[in-house]
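Before I ask anything, let me first share the structure, which is written out below as structure tokens.
Each chain carries a letter (A, B, C, D, E and F) given by its place in the written order, and its residues are counted from 1.
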Amino acid sequence: MTRTNGRAADALRDVKITRNYLKHAEGSVLIEFGDTKVICNATVEAKVPSFLKGKGTGWVTAEYCMLPRATHTRNQRESAKGKLTGRTHEIQRLIGRSLRAVVDMEKLGERSILIDCDVIQADGGTRTASITGAYVALADALQTLVNNGELAESPLREAVAAVSVGIIDGTPFLDLDYPEDSNAEVDMNFVMTSSMRFVEVQGTAEAEPFTIEQMDAMRSHAMLGLSRLFELQREALQA
Amino acid sequence: MTRTNGRAADALRDVKITRNYLKHAEGSVLIEFGDTKVICNATVEAKVPSFLKGKGTGWVTAEYCMLPRATHTRNQRESAKGKLTGRTHEIQRLIGRSLRAVVDMEKLGERSILIDCDVIQADGGTRTASITGAYVALADALQTLVNNGELAESPLREAVAAVSVGIIDGTPFLDLDYPEDSNAEVDMNFVMTSSMRFVEVQGTAEAEPFTIEQMDAMRSHAMLGLSRLFELQREALQA
Amino acid sequence: MTRTNGRAADALRDVKITRNYLKHAEGSVLIEFGDTKVICNATVEAKVPSFLKGKGTGWVTAEYCMLPRATHTRNQRESAKGKLTGRTHEIQRLIGRSLRAVVDMEKLGERSILIDCDVIQADGGTRTASITGAYVALADALQTLVNNGELAESPLREAVAAVSVGIIDGTPFLDLDYPEDSNAEVDMNFVMTSSMRFVEVQGTAEAEPFTIEQMDAMRSHAMLGLSRLFELQREALQA
Amino acid sequence: MTRTNGRAADALRDVKITRNYLKHAEGSVLIEFGDTKVICNATVEAKVPSFLKGKGTGWVTAEYCMLPRATHTRNQRESAKGKLTGRTHEIQRLIGRSLRAVVDMEKLGERSILIDCDVIQADGGTRTASITGAYVALADALQTLVNNGELAESPLREAVAAVSVGIIDGTPFLDLDYPEDSNAEVDMNFVMTSSMRFVEVQGTAEAEPFTIEQMDAMRSHAMLGLSRLFELQREALQA
Amino acid sequence: MTRTNGRAADALRDVKITRNYLKHAEGSVLIEFGDTKVICNATVEAKVPSFLKGKGTGWVTAEYCMLPRATHTRNQRESAKGKLTGRTHEIQRLIGRSLRAVVDMEKLGERSILIDCDVIQADGGTRTASITGAYVALADALQTLVNNGELAESPLREAVAAVSVGIIDGTPFLDLDYPEDSNAEVDMNFVMTSSMRFVEVQGTAEAEPFTIEQMDAMRSHAMLGLSRLFELQREALQA
Amino acid sequence: MTRTNGRAADALRDVKITRNYLKHAEGSVLIEFGDTKVICNATVEAKVPSFLKGKGTGWVTAEYCMLPRATHTRNQRESAKGKLTGRTHEIQRLIGRSLRAVVDMEKLGERSILIDCDVIQADGGTRTASITGAYVALADALQTLVNNGELAESPLREAVAAVSVGIIDGTPFLDLDYPEDSNAEVDMNFVMTSSMRFVEVQGTAEAEPFTIEQMDAMRSHAMLGLSRLFELQREALQA
């Protein structure tokens, strides 16, 4: 299989991270994984969900949405349907758990950070781009709190990013775009921290169960891609 | 009152229209009225609502949404609430009626054009920017149908655009931004066609009822602003 | 065009206002604009919405509904559908804004008046009849508070009423009934106060955009009709 | 216990049946049981629910609603809540079953009659007034079908009506008004046909279980009241 | 008509009551009326609904649900539909009222008992089995409060149970199973206390109105069956 | 850490599979993983979702629910809330994907198998028990189709089962019960087929990211446990 632009099997698409993308949010990032484009806005709120009230610890959560025409054919809005699809629930829970893994909630104190990931153009990998961009928006929002003197230091422990790997005709490929994803037998998402430890691993056999050797090969590709994503996040945050 | 950047009372903000903004929709426009930014995507569907089936005529409709953090403080998503607010209903019905006024539905044939207006950043005038940008996205989507040979000629009769005028301390101002809008006693939206006829007029006294003279003064400002918007639409479509 | 009962182009239908129509509400009015019949009930509540708590000011809001068989063919109940239509949202927001324009919220104090407008028979002009009748129910409810000694004086600044004007075959007609409304090219609703100032103006080109001259002609008809409605409200309240 | 207006323990309140109350429905009745006022509109539809399609038989069903301020304090609209209460479900199912008991569905053919019972003023007994009035609206709607030549004869087998009986301080009272109902230990509703057979019997001990003797005493009162209601229905239909 | 297993017209099906069926609830019962199987779980909560707060009295309420495949063909889940059916509302309100009739709410104090009746297999009589089993779960939950020292004595006044009687071909039969119920002309449910007084009586003519003599015959059968159910409850609670 | 009953770190809890548990479903299984008890009912429907119509292939899907008091404290019913939680969506999508992985949809033909997994008692591992039991119910339902002559042979390719592994204090433990799960730093679910290939892998760091070595250790435990579960499924199906 030849990939678009002659991309290698273990290469990421072009990744672009634009900070301060919109003006109102405490952290606002446009992240692009090739043609996939996601706006990640981080909002700081001076309150926590009721199950945390009075415990002195904070909370980080996420919401995920796609513009109706982010995709090749139009999807009905979830607001018009009156409820979220199972897919949306699954993705926004995944983003929230991934971000919480790198935040020291006691240092954050009784505050919530809510990350909105809005996909304006989709071409595969919207959930992994969302996590990777959301981390940068989160870092900016927390830095705002440090700059304002509301926090003594950032409660971030390390970085978090995500990437997908798929198997097509028995071979693993990193960071699938939409046409590749549609042909993949297996799709596996890896969320790791910058100390190269795992936060979330989700693998699904779309067509054919996969072997232990295939799982290991996908994991190797993912770790390579994630190392590169951590570099790109660092560069963006230092710019 | 001095306006931002020394803008005159009857001057528009900087307006920018970017065509082909996203890749999937048949028409895709980013329109900016100052800091207000709206993505307008036009989708062509080969079917009509049930009340039109078999009548040989088409339909144009619109949906409107704001990103949760398009505004200074975050708004809850309507998909999470499970229903649209009254404000959203009101605005998307207005956009739909405005666009239908300039389309010859018989020439369109049994097809629907659905325009999605998604506000990614709000600073006043989101509904007027939406209508003005939606027209350009609609024109592009209809041109696609002409280019494909599906339509012999575009069913557009003329252009449509919209602008707001407000009264602050008794004086009318064109195209209010958000801080101005918050101080306005009256807010009036005008939707006109390029033959300078009215499609929609909506005036609301937020604080103090307005006189017939004030209504006429607002109307004059609006007609001036709309003439300029029609020029900008033409330039964008010829680019 | 000949109108039913030989009505002149600038004449209202027979308008009838019955106070104390039902026994439980603090203000209860049946208003009839020809065959359009709306029950307007005003309820006083000793609380305000949360965004006003502790500010010492009051609130006035409205809900609007039609009996399923108020119309020629039956409409499904919004309670059975599980949500309000866009049209209902639009109308009840309009009624609420219109009434708030004539109430001094500081004099009202931390109280809410909720006006329910239930259309039991529809024949065009249900929103304008609702506003006109709701004002009388509101006046009665506020007078109850004065009579009870809860308010020193009525917080009403002046009266408010509404009327529609439409253009049929290029000619403006006042207070359209349903068959007229179905044939109108333009439908414009005017909400004014008794000092002849505007609270809301909403004009919609249903079929053909309208000129500035047509807008002025509609406005003249509306002002004539509204002068007569203010008289009828006064007579009803003095009866 | 002395009842309002010196009413006897086994006497109905004043009952008034106004036919042709509103102009659009095929049958439209205002029924009053004292201060309880219910509008019953019957709509004929040329279709049946899907479980009956193609079987050649008809259907009769009902919906029930109260105006928000039909009661002493205001109730939230079910359309605003987004769902029907259990009480509404219970009542509208009861009305529907009661009416179906007297209609020959094969004679009706593949048609539905939908009865809307809208309580505009409540003072106890809204469900029994609804059934009693709905029967008259149903009879009128069916007669319309006969008059139009759509049916050879009315599919009504006999009349149906309903009344409540309650026990207060151990004594049974017929047709409770709201203050009486609030003090009743037992509330029992009887729906009968004009051949004096039972369609529905629903008794509920609100405070204290009741004996077999009390049940028989309530039944006697109910049968007396129902005989009188059948007379009143007949008179109304012959007027 | 011959009944399954040669059951007499006035005989119950085999009734089996299993206490401590599941481990988490304060009272947990599996009740079987023949092939009808219902899990009744009683939960104690240290709070009351808002309308009772601060009054020093308790509350008992119930919820009712069927597994989708409790029945011969599968029913859609109410959670997937997003709302309860009218039938479910009707049944759970009936169960709640029945149980409240035998509890001294002042002795219970500001506590709620919530009974969940989940039908895992349905073969007619699910509501009567639910009430009969719910009583035993309730008794166990209240005994837990006595055993814990939270209550000085059980607030139960007496037992409550329920049974159905139907008329098939003019003859009354006790405790109908599903095939019998499908053929019944009349279905009547009786809820009584162990002092043989009535809490709820609900009779419905499914096909043909019923006479006063038939009502009396059904009542006799019901009282016989209920005497036996009270014995079975007593035996279960003493086991 | 000592486990309940002295269970080894790599040992399953007692697993019990009861076939033909309820009488209506085409496949009905009660599966117990220790104190976790799930009823799995398989329903055959002679239709497929609309996206598959006319393609000649079948579909397998699942729904998941817990009785409100399956858990230590009561959970509100999703039917009462009016929507499914994100957790439910996630789990039922997982069950559906897992089962589809072992069914040859072309052999199944245009039929759907819907598996209902209803947790009547929860003690950790409800999703893995559901998948393991659902497979047996699915096998029974498919065998019914073979026995009826509707299918020439079962479309099952192999078996599927699931198990969880968690890390507590750095050590991996197989098949966590609820108290163990509450203390786990990592929770990882493995769904495999009987050829020991992976269908789904889902690992989540609840408290602390995990290393590649820990992931491998969890995988080893899971494969051991799954081998045993495949034996137990085989035994149950041969019984």
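Note that in this section contacts are C-beta pairs under 8 Å (C-beta built on N, C-alpha and C of every residue); 3 or more make two chains touch, one makes a residue touch a chain.
Computed from a prediction, not measured in an experiment: that's the story for all the values here.
**Student:** Where the contacts of chain C and chain E overlap, which chains show up?
**Tutor:** D
**Student:** Out of curiosity, which chains are bumping into both chain B and chain D?
**Tutor:** Neighbours common to chain B and chain D are C.
**Student:** Taking each chain's centre as the mean of its CA atoms, how far is chain D from chain F in angstrom?
**Tutor:** So the centroids are 51 Å from each other.
**Student:** Measuring from the mean C-alpha position of chain C to the mean C-alpha position of chain D, what distance in angstrom results?
**Tutor:** So the centroids are 33 Å from each other.
**Student:** If you average the CA atoms of chain A and of chain D, how far apart do the two points sit, in angstrom?
**Tutor:** That gives a centre separation of 59 Å.
**Student:** Touching two or more other chains, which residues of chain B qualify?
**Tutor:** Expected reply: 82-84.
**Student:** Please output the residues of chain B touching chain A within their complex, sorted ascending.
**Tutor:** Residues in contact with chain A: 22-25, 28, 35, 37, 39, 41, 43, 45, 63, 65, 67-72, 74, 77-84, 88, 114, 116, 118, 120-121.
**Student:** Would you mind writing out the residues of chain F in touch with chain A in their complex?
**Tutor:** 83-87, 89-90, 92-93, 97, 101, 188, 192-193, 195, 197-205, 209-212, 215, 219
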